[in-house]
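Each of the next two complexes has subunit A plus one other chain: subunit B in the first, subunit C in the second.
Up next is the complex of A and B:
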């Protein structure tokens, strides 16, 4: 078990390093850099632009920049923003709490809603409740966040005046964005849950159980033990996705967070900030998945034996 | 065996699952209830307003950063040595009581106001001005705009505590315009010393009518009224019991959310409403919609003079005549912006109205111009051609300010007279600059800048200037622009800029579309919302709550 854990953690680190390196290279392939987005945009002369590029180290050869950057990361230094000069770790620290609150809130809503819908759709696919659940899940999956978000603000803030729609750090301000994002998270969870339960229901052991005359409740229990396994993975995937930044939700609800930090950084080609957020996201994502796999191993002995 | 174990476990496990779900739902409900009980008192604002900014600038230090948005809060945190009067556009005393230029134009002496104090208690004097100049001109600071506004400034001399002289290597007419902008706001030397160049932006200290109280990056900025403020320019109102005590700024980057936030009362002022939203809100008696004209360049497209077919002036003129600007302004901007006719907007200094009659919408005349330039439709496909090449244009733009909609209308208007247009939409400025502007890979490209002084034209139209993407080069025009930088006399400058504007339009270097107008929405409970001469920056000092 210990080696399994270590191996998974090692893999998570490797994924984070790969993501960081990929971000590093890909960003340099984009047209322009931070100096273009600031000085050149304001009309500075070519000489001033070149001098600033020199000062920021953007004129160094790529491999030198990379070694310098990785050297910093190993020491826990993600560099400084090319635009504001603020340390990237500090910038991420300022925004992480807001994103975590939104992501965990949305995941809670998503799991509660998604599992209920998925169970209904999976166990009683032909009933009215099941049909309704399936329709609901499809709606959550097929509507874009910016649409539901704008609609939610219009309804709950402008028309009903029940909840604050935009801006603000308080818990009240968290409700609408959490509901909207949770609704969309629920869609994926519900769909996978329903499908996997329906698939499990067709497995031979179910027929065997029924043939042996087990009560339907017991049959359902057997189906769920198998059918709910993939849901753990989906929830982990959703959490990683949510933690990675919820750009649109944060922008529309005027919340701070990693998503908006990333958006601003991309527009100004603030490479260290983008790399920092990408690396953190990759690390979180692979760690969450590692934990999910460990859980999986606990729930499903087959995985443990193979691992 | 198999049957017995589950028999015992079924109810337990199902129960566990049910309990889990129940707990989750309860947890959510609990959080909701606690939260709803939480900050319930928010509605009771007092003299406090929320002001919606439209972007989240990545930097707020006016000496370093370039965005117009930063001036919305910080124009009121700082005072400048001089101000432009918002109505007359004339220069009026700010922190400088009076000023004088030496006859050779190389030295400007400023006599400073006495008794002025920074928010941290530091007295304002010539040494403070010197500390600001030293900071801005230090190359290590990496100033994006402030340094450029000082032009050929070299150094200063302090005669006494309240007299400072700025020296220049050549005469520099736009100096006062530069000094009137927030980028050259006077910061407390003590605060500048206490904080590094990177951290000062969260702790800015000026002499202005509002003090920076709190910055939470990415979330909000809070300003509080400066109770000691008594040295404002003539156009600042006296503080009253109705003055706004606290202003909180938040960042509304999504345009559709802005009008919702205004309607729901979450913000009391917000800028850059969508024209369609502004039109709808006009009927709401609880709200006011202001159209604030912005000085500078209009929303426009530069022609590429180095690439066929826009290298031919006849083609460029034909395109100007083939563009129905009024229809564009009506359709895209709901008629809420003036049509633009020249390289400057009509509220900019030295604007020349003569450009307004040069290119009336006249598709027939446009076609005759093309014919005269040797274009015909030899293959009869409805598209003009010349030497076997169809009349095809590439129009490059970013998504700012409804430019995509504008470009689509231009495409259809020009298609009507037999010109094919390819639209290229880029995501951001660096892409526009690197992939298109610098490579000359366009026939028309959209870009603009804001500012009151006509010297703004230099970077776009002088031969080889940094943003002269057109490739326009006219030695005579270069001479006029240079001369206008050296001549302080307003009439002389007006004459020079008149020639400049006419030449640019005679050569059809640019396709102007509309003048920028900031559509600002505010609650009707707020009076005195006026903006600085530059257009973007509100005079928070003059805001009054209506009871």
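Up next is the complex of A and C:
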């Protein structure tokens, strides 16, 4: 198991490093960044722009910039914003709390809702509750976040006046965005849970359990022990949807956070900031998936032997 | 998933495509023409779905919006499918070294959540319809390549493929005659999933304002415009949202039916 843990975490770090390099090549390899845009708008001469690029190290050959960048990342330095000159790590630090609160809240809601819907749809596929659960899950997968958010604000803020809608930082302002994003996160979790439980229910040992006369509740427990295994993996994968979803949710609810930081950086072509946010996202996502794999291997030894 | 579901999905999809294709004949107004005097008019005989903040007809914009949104999604799927298929086939069939290298690159791209990758690409490509299709399309390639490769590896191990190899059939012939027909059904099902992402993520980038022409009729742009008006005029968000959700719902239903088809079990 120990070698498996090291190998899986090592693979995750290699993938994250490759992802960082890919982001570097794509974002730095092309002309036209914030320095050009900002200074040209301010009416700076070409010589002044060139001098500024020199100062920022943007005139060096790409491979030198890359070594410099990787060296910085290892020391926890992601460079400085081309627009404000502020260190990127500081900018990310200021916004991370808001996004983490939204993402963790939505993940909790998504898991709770997704598991309950999945259990209902998987254990009683032919009942009304099961049908309703399936319909709810497919609704979560088909509607775009930016539309359900609009509907939720209309219903809970405009019509019912129960919850604050857009803007604001307080805990009450977190409720609607968390519910909306959590609802969508639940869709895939519910679908995979239901399918996996239905498949587990057809396995031979279930028939054996029934044949030897186990009460139905205990049979269900046996089914769940097997059927819930793949759910860990899908929850980790849903984090990817969730991290993308925070960008849209923050926009529509006018909240601070990494999503807004990223969108602003894209609009000003502030490449170090884009790179920092994107790399951090990839690192988080691949580490969480590695941990999910490890959990999976912990409960299901077949995985370790194959890997 | 039963035949009734598939039929419902086909009806919805055919409806969406037909209404979009016939937009020039069905629309009652110019989708871009603003009538300031009629801004935020509720649904009426003149404006079937009401008007938006600039006094444009929501009904006509929704019809024309389908053309743009679905057109971009189709282009996006092509941008994903062709390279994804080629990379997956080459990796699954081209030997160990090619496989390892290609999959390492794909895994590096898969480390980014889909929408985040599309956003990073938009940062480089700039705003515009083609740019959105390219960004969302390229962001979908790694997943499609991985699914293709997995299907090819599974097909290669099938007894009749091994038999063909043992009989001395040429690799190209095995690939074309045995592997491609075997992997087609699961890949078609995943193409459905890809289309549903293409619609949602394409419209998301439009919603976020990366579509270039901000006055164009487009479901994503309409929902973005509606942010300023839905509190007093909910109809501005209703039609594009229903159209988008119904289309994606139908695509998901079809993709699900394909995935559960006997050929894929």
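Keep in mind that, in the parts below, the second predicted complex is superposed on the first by the 274 of 307 C-alpha atoms of A that agree within 3 Å, B and C clash if a C-alpha of one lies under 4 Å from a C-alpha of the other, contacts with A are read in each partner's own complex, and residues count from 1 in each chain.
Here, a residue touches a chain if its C-beta (ideal position, glycine included) is under 8 Å from a C-beta of that chain, and two chains touch if they have at least 3 such contacts.
As the structure is a computational prediction, the values presented were derived from the model and not from experiment.
After alignment on the shared subunit A, the placement of subunit B and subunit C results in a clash.
When the two structures are aligned on the shared chain, A:154 is found in touch with subunit B and with subunit C.
In the superposed model, A:91 makes contact with subunit B only, not with subunit C.
After overlaying the two complexes on the shared chain, residue contacts for A:269 are found with subunit B and with subunit C alike. Looking at the shared chain after the overlay, A:194 reaches neither subunit B nor subunit C. In the superposition on chain A, contact is made by A:278 with subunit C only, not with subunit B.
After overlaying the two complexes on the shared chain, residue contacts for A:117 are found with neither subunit B nor subunit C. In the superposition on chain A, A:143 makes contact with subunit C only, not with subunit B. In the superposed model, B is the one of subunit B and subunit C that contacts more residues of subunit A. Once the two complexes are laid over each other on the shared chain, residue contacts for A:252 go to subunit B and to subunit C alike.
Stretch 27-35 is the one of subunit C that runs into subunit B, the other listed stretches 27-35, 63-71 or 189-197 having no clashing C-alpha atoms. According to the touch criterion, the shared surface of subunit A, contacted by subunit B in one complex and subunit C in the other, consists of residues 30, 146, 150, 153-154, 158, 251-252, 263, 265-266, 269. Interface residues of subunit C facing subunit A in the complex, by the touch rule stated above, are 104-105, 107-109, 111-116, 119-124, 196, 200, 203-204, 207-208, 210, 220, 223-224, 226-227, 230-231, 234, 237, 240-241, 244-246, 248-249, 252-253. Interface residues of subunit B, counted against subunit A in their complex, comprise 3, 6-7, 9-10, 13-14, 17, 21, 24-25, 27-28, 31-32, 34-36, 38-39, 42, 50, 56, 58-59, 65-66, 139-140, 142, 144-145, 148, 197-199, 201, 216-220, 250-254, 256-257, 260-261, 263-264, 266-267, 428-431, 433-435, 449, 459, 466-467.
Chain contact summary for the complex, subunit A toward subunit B: residues 30-33, 36-46, 51-52, 55, 80-81, 83-86, 91, 94-95, 98, 105, 108-109, 111-112, 115-116, 146, 150, 153-154, 157-158, 161, 164-172, 174-175, 212, 214, 217-218, 220-222, 224, 251-257, 260-261, 263-270. Here subunit A touches subunit C in the complex through residues 15-16, 18-19, 21-23, 26-27, 30, 138-139, 141-147, 150-151, 153-154, 158, 239-245, 247-248, 251-252, 262-263, 265-266, 269, 271, 274, 278, 281-283, 285-286, going by the rule given at the top.
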